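What follows is a pair of complexes built around subunit A, which joins subunit B in one and subunit C in the other.
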Partner chain A sequence: MDASAARPVVTVKIAAVLADLFPGAPREFIVQAQCVGEMIDALDQQFPGMGDRIRDSRPAIRKHMNVFVDGERATLDTPLSHHDEVFVITAISGG
Partner chain B sequence: MTQSINLLIGTRKGAFILKSNEDRRIWEMSGPHCETWPTNHVVGDPKTGTIYAAGGNEWFGPAVWKSTDGGKSWTHSSKGLAYAEGQDPVKAVWSLCVAPDAIYAGVEPAGLFKSTDGGESWVHLDGLRNHRSREHWMPGGAGLILHSLLVDPDDPQSIHVGISSAGVFHSADGGQTWEPRNKGTRADYMPEDQRYPEVGQCVHNLVRAAGGNGRLYQQNHCGMYRSDDAGKTWQSIEDGLPSSFGFPAAAHPRDPDTVFMVPLNGDTKGRYMPDAKAAVWRTRDGGKTWADLRDGLPQQDVYFNVLRQALSTDSLSPAGVYFGAASGAIYGSANEGDGWTLIAQNLPPVVSVETMVA
Partner chain C sequence: MAEPAPPSLSPDEIQRYARHIVLPEVGGPGQQKLKAARVLVIGAGGLGAPVIAYLAAAGVGTIGIVDDDIVSLSNLQRQVIHRTASIGIPKTESAAQSVQALNDNVEIAQHQTRLDSENAQSLLAGYDLVIDGSDNFDTRYLTADTALGVKIPLVTGAVGRFDGSLTVILPDGVDADGRPHPSFRDLFPEPPPPGLVPSCAEAGVVGALTGVIGTLQAMEAIKLITGIGEPLVGRLLLYDALGARFDVMRYRKAPAA
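After this line comes the complex of A and B, so read on.
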């Protein structure tokens, strides 16, 4: 059996300011991933470098980025379920 | 052949490019580039015309941007631009150097990376990270930043870096091992009997003089210095200047005795132009004597500063000299500092100015 077949299918919506860094990137993705870390890997596969913009090398979600899974703030280990809606958004920062 | 000159400007909100011809009278501006990311350093490779911009964004982390069409389009990468898991992540890129064999990037927290594929991917040179003195390095006001990065064009294995506030270091083996090069530079903020430590000096900017004879200049938090032995020893050259405090230095493209600096009024006095009057200072004898260059610069109520990497020369003759202020103004001189004109204003705070003649 294809291992990916067991992975939940989730919808990922990313901030416009993030999509703008990758010419041709959509604001919405459908990916298969068991947790947020895997979801970031899936985005990075489609647009190399996108993973670095969301996750740092600790590794953790960047300090001023937020990932919400069905309305709850997530970490890299947060598990995903079928039909989850994930938002990748920028936190308040800067001047 | 007509040459074009590009001023490559890093600001708190993106990179800007000012373009002119050899006359250096009329400048055409483009920007903000790099999606308005805080951009600490922008350099060009005159052989290819490729422009690289270094920075870091609070949201998205560090990256090096690249344009091969004069700034019309940009890509960015941070592939490999990272410390090992569990360590403090790289926050921003602060300095770039286009060397014969590679591109080098200095980052915060202080470390050095190398790219041999034109900035597409980076490899960490971990000699600085593992230096025996590392635990004693204290961050300066802008963080523990590697802001000065000089790769010897004749011997790319020979690299000098300046780190605030760890001091100057030299590697003779391409960045694998490093030795401190701070002998003779002061650390006035240390107890009286510890003011000449091996490391811990707050170097603000380090530049190489023309000629390849081992001469370096540095503007330090505590004084201006010249070295005639590649940084092994330093001599103070601050006599004749209005203060010992400033940020940038810029070497003349051909004359090793000529260097430009921008002293500010002092460490604890506001760090703006002395007497609120703008001046660049020039020596033509290796720092024995100094002349203040003011013609065309504002002489009343000037409260801006000029940061570490925001003073530069071009390679034309006579040499052009340029600086960017935290007020968002860019001033330029087409005659080695004798006369100045305002060539841009109202930019975001300027962090760096470099030139590319192509």
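After this line comes the complex of A and C, so read on.
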């Protein structure tokens, strides 16, 4: 059996300022991942370098960013379930 | 020491604020709280404009405005309290003129200066509540840290291109689980590296978006002052204007490192 078939399918919405760093990147992705860390790997596979923009070398989510899974703040280890909606946001400053 | 008596409302004020006073949640006592309130607004720009206009219309007694900028032509696409005739004058002065024309019961304190580490504490300490409508990370973190230090609530909002967000930070108290309310640094511990997140001048912003977020900030301020409803504490409201979506994210105080 294909291992990826068992992985939850989730929708990932990323911040505009993050998408803008990767020409052609959409604001919304559909990926399969067991946890937030794997989800970031999946984004990085599609747009190499995106993972480093979200995750630092500790490793943890960067301090000016946040990942929320179904409205709750997540860490790299947060598990994902089918149809979860994940937001990857960054602090913004415009006023 | 006894609390000072709430300020009375004149017949003219009772008529002016009739649509507030008829609300059971606000009523005369709520309107008196608004009249007694002192609110500091950081920035008289895209967010500050609707904040100042709605708080002035609502009858907030004293509105302080911190801004060191002057009105320019490119401001007028979104900073709706300033007029073409105001180009070249300080934003604090332009905002004060606008408020005076709207509601002369409101006292405006013009702080024509840039918020910095030297003046932040003395500026914020004179107010009951601060609303951040600034346009840079240095001011945002300084405002948040200082509000916590002088123990006043903060309503902070931000915009960029077609997206906006806001949240409310309380300096003390606990949530339903007995945990202290989160601070701004519990949400975003550090600002992004310089140059990573473009400013509105670099990336653009739709004027109406600042109206949406600024108006929501004014609403949260009115709730805090009158003590009604559920303030946006421990929750970050995201607005995606292109998708016409509001989403609410929850966050808590970070565990001690």
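FYI, the second predicted complex is superposed on the first by the 91 of 95 C-alpha atoms of A that agree within 3 Å, B and C clash if a C-alpha of one lies under 4 Å from a C-alpha of the other, contacts with A are read in each partner's own complex, and residues count from 1 in each chain.
Note that a residue touches a chain if its C-beta (ideal position, glycine included) is under 8 Å from a C-beta of that chain, and two chains touch if they have at least 3 such contacts.
The structure displayed is predicted, hence computed values, not measured ones.
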First (subunit B), second (subunit C), both or neither touched by A:Ile30: neither
Contacts of A:Phe87 with subunit B and subunit C, given as first, second, both or neither: second
Touching partner for A:Ala16 - first (subunit B), second (subunit C), both, neither: second
Touching partner for A:His64 - first (subunit B), second (subunit C), both, neither: both
First, second, both or neither for A:Arg73, with subunit B first and subunit C second: second
Subunit A positions touched by subunit B in one structure and by subunit C in the second: 17, 20, 63-65, 90-91, 93-94
Touching residues (chain side subunit A, partner subunit B) in the complex: 17-18, 20-21, 48-49, 52-54, 56-59, 62-65, 90-91, 93-94
Complex contact set, residues of subunit B against subunit A: 35, 58-61, 63, 76-79, 81-87, 89-90
Subunit A contact footprint on subunit C (complex, rising order): 43, 45-48, 132-137, 140, 157-163, 165, 187-193, 196-200, 203, 205, 210, 236, 238, 247-252
Residue ranges of subunit A in contact with subunit C within the complex: 15-17, 20, 63-66, 68, 71-73, 87, 89-95
